[in-house]
Amino acid sequence: MLDKNGIAKRIARELQDGFYVNLGIGIPTLVANYVPEGVNVTFQSENGMLGMGPFPFEGEEDADVINAGKQTVTILPGGVYFDSATSFAMIRGEHVDLTVLGAMEVSETGDIANWKIPGKMVKGMGGAMDLVASAKNIIVAMQHVNKAGESKLLPKCSLPLTGIGCVKKIVTELAVIEVTKDGFKLLERAPGVSVEDIQKATEGKLIIEGEIPEMVL
Amino acid sequence: MLDKNGIAKRIARELQDGFYVNLGIGIPTLVANYVPEGVNVTFQSENGMLGMGPFPFEGEEDADVINAGKQTVTILPGGVYFDSATSFAMIRGEHVDLTVLGAMEVSETGDIANWKIPGKMVKGMGGAMDLVASAKNIIVAMQHVNKAGESKLLPKCSLPLTGIGCVKKIVTELAVIEVTKDGFKLLERAPGVSVEDIQKATEGKLIIEGEIPEMVL
Amino acid sequence: MSKIFKNADEAIHDLTDNMTIILGGFGLCGIPENSIAALVKKGVKGLTCISNNAGVDNFGLGLLLQHHQIKKMISSYVGENAEFERQLLNGELEVELIPQGTLAERCRATAAGIPAFFTPAGYGTEVAIGKEVREFDGKMYIMEQRFHADFSIIKAWKGDTNGNLIYRAATRNFNLPMAGAGKITIAEVEELVPAGELDPDQIHTPGIFIKRIFQGEHFEKRIEQRTVKSI
Amino acid sequence: MSKIFKNADEAIHDLTDNMTIILGGFGLCGIPENSIAALVKKGVKGLTCISNNAGVDNFGLGLLLQHHQIKKMISSYVGENAEFERQLLNGELEVELIPQGTLAERCRATAAGIPAFFTPAGYGTEVAIGKEVREFDGKMYIMEQRFHADFSIIKAWKGDTNGNLIYRAATRNFNLPMAGAGKITIAEVEELVPAGELDPDQIHTPGIFIKRIFQGEHFEKRIEQRTVKSI
């Protein structure tokens, strides 16, 4: 079973040299810590930055240099600032190669729900709807089950949707799963996790073909 | 009767302090030479410049600094360069206060034809269709009759249209005419020109109300 | 005709109750602080505010919320704001949430004379309800329309007396696409310089989009999430 | 993965017959001279070229016309070009004329993932024939769609190894909205510098839109209408 950093580490292996990547808040943010050696990726922050770097040292924070999570960050050499319309032109125009974001639920047809729980205060979708509707390649980073122990991989989402038919891959503490036209296809098991464990935690249709390898991190 | 410079001079009296102005090729270009004292206007060139200045001195031409007529020009202090999409955002978004352009024909409902003569090689509409469809305030600068002696102020344009119902005012060598919902309304006579001369040269409905004053240049 | 105003109070002198205003910034980054303070001081009420976020409890648009000056917020993310939540749950405040990219593009479209455009964002979700849907090249899109706003109030780093603007770092965000999106666009700048001092190649927003400009008296530039790394 | 190519020949190595290409510049100002020369040398034929103008008889896109490499031109103004006129009248060349602002906005829309938008330009004219017409706020608009192009070839002043671009003066024109409008966008620059040398606040086109970049060997920068004033 993976911890949050393990999930991030596994997702980082999906990074390819030259990729432009948008990381959502939460586990996705941690992916930046595990970029494989020799792989050069550029992080986009949808508030208007390409080439987002690490947090600044104390005393070097600049109120004008924040990321989409409103955190103080830095910009790397070769980075660039731009406006929000241009930022979403990059996203909508499919110039961003990979989007990693969290989710409350994913359906076996690739629908995603991650912005609203009926009855609870809604904070808003931010850029998530644009990101999921546009990205060629979307990986969801999340826990396999919610705090109540219910599966988050469902036949159909029960929560209000963020986007439909868009999620390509899911990485959880238990497994790597591909969203295919036939349902969730199990690709890899987390270390120490059995196929049965994964099956039990997956409410949507899980396709298990042949031997399922354990993840390499 | 006015010469080309006279037409330009009369149009220049329409300029108001703070106006952003787009001048078409031909007579309209001459308007820049007659900006009234105390009136500050900014010229937009739709290829990407605000604050267009005069032609450069010989030897100071810069191939990267041209106007929409592809002529070498200069930029004034406080001017700015931008791209073509931003340029037409200015035009379409009605941020340009006044457009002055030439025409082959204008109809009494304000339609304009100035880009195409059937049977002749067509060079293209350039930015004219965007300009006429967008500008709050369009003045046409042209000769009252064509080379064949036919009126260019018609009940209906015979040539392919550039835009419909958009021309607000026409300044010719003979007259200043406003386009109203009832037709061409004669506002002013050129020096030495009679109302009868203007009536004779105008095929569209000409509204003559009261005494028609002579232009002040 | 000068675009220069002495301060925020004068720049917003004719901004009145029940108007629709667009405000720049992302979170607290690049917000028109001085204008917001002037709106609080002026006490205009019943405002419809179009802004990516709603500020925090005691800064940014949160100040207008505190004083019950906002009737409706149109945002992509209203964040953590207790007073906002209280007013919303009490029915004192209307909220319309729209995807961030759609918000940016609608602002740009408004300024650019584009009445409507198609975007994939929100297709198949509640955002698409009541909107026209259409397929292009095998993908589904929804039609979004421009805004209609009385004022757009933005913030830049440097501005000149012609209204030309340069933004600094990530403050460009919504300020740039909002320039020209209100009937009147007001820019507050950290430094106002004479026309001619800015390089014409380096100006982000041409002055034609800006009707009023003033130099802000003070910029607090509060940080919402101060995050640092250890040495 | 490096975006840097040695020269124009290598940057266009996989550009083949019958492709649709978008080319930057206004008149002869800011055109990708080196790429055009490489296209002539390579001899690709049957091209559909989307560019504001068609060059002059012996420069710019006029060179491709001379060699009968263009099947169709999509432009706003084809200007004075005798060979163009000859081919057009002979039926050797197709031409589609579209309003300049519509051309710019369609390029921008293509790069920005906007499949269609409404514009007033051309309403009531032959440009509107076959297009959807709609009223917004009492004014009539026509719907225009994005392009589908294999390559976009643009020219900038400075570029860095990440593909970030800065244009000089009025050469920004169509080059900026065309960045990212082709499946592959190639930028030729007068000076290629290492990433980090350009100020992140002053970059006009972020490198994400650019797939290939090279430093041009020679820029003639021919002037179409040399106009001077006397002292």
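The chains carry the letters A, B, C and D, assigned in the order they are written, with residues numbered from 1 in each.
Heads up, the rule we're going with is that a residue touches a chain if its C-beta (ideal position, glycine included) is under 8 Å from a C-beta of that chain, and two chains touch if they have at least 3 such contacts.
Being a predicted model, the structure only gives us computed values, none of them experimental.
Trainee: Counting C-beta pairs in contact, which chain pair has more, B-C or B-D?
Mentor: Spelling it out, more C-beta pairs touch across B-D than across the other pair.
Trainee: What whole-number Å value describes the gap between the mean CA coordinates of chain A and chain D?
Mentor: 36
Trainee: Roughly how far is chain A from chain C, centre to centre by C-alpha average, rounded to an integer in Å?
Mentor: Going by mean C-alpha positions, chain A sits 28 Å from chain C.
Trainee: Using the touch rule from the top of the page, what residues of chain D touch 2 or more other chains?
Mentor: Residue numbers touching two or more other chains: 105, 108, 112-114, 119-120, 167-169, 200-201.
Trainee: Which parts of chain A, given as residue numbers and ranges, touch two or more other chains?
Mentor: Each of 75, 81-82, 85, 88, 91-92, 134 in chain A touches at least two other chains.
Trainee: Is the way these chains touch best called a line, a ring, a star, complete, or other?
Mentor: Graph shape here is other: it fits none of the named patterns.
Trainee: Each pair of chains that touch: what are they?
Mentor: Per the contact definition above, the touching pairs are A-C, A-D, B-C, B-D, C-D.
Trainee: Could you list, by residue number, the parts of chain B that touch chain D in their complex?
Mentor: Going through chain B, the ones touching chain D are 45-49, 54-58, 60-73, 75, 81-85, 87-88, 91-92, 111, 121-130, 133-134, 160-165.
Trainee: Show me the residue ranges of chain D that touch chain C in the complex, using the header's touch definition.
Mentor: The touching residues are 105, 109, 112-120, 134, 136-137, 139, 141, 145, 148, 166-169, 200-202.
Trainee: If you look only at chain D, which of its residues touch chain B in the complex?
Mentor: 26-30, 52, 75-80, 85, 88-89, 95, 97, 99-105, 107-108, 119-127, 167-177, 204, 221-231
Trainee: Considering only the defined contacts, which chain C positions touch chain B in the complex?
Mentor: Against chain B, chain C makes touches at 1, 108, 110-114, 160-162, 164, 180, 195-196, 198, 200-201, 203, 206-209.
Trainee: Where on chain B does chain C make contact in their complex?
Mentor: Per the stated touch rule, the residues are 17-18, 20, 40, 42, 44, 50-51, 75, 77-82, 85-86, 88-96, 134.
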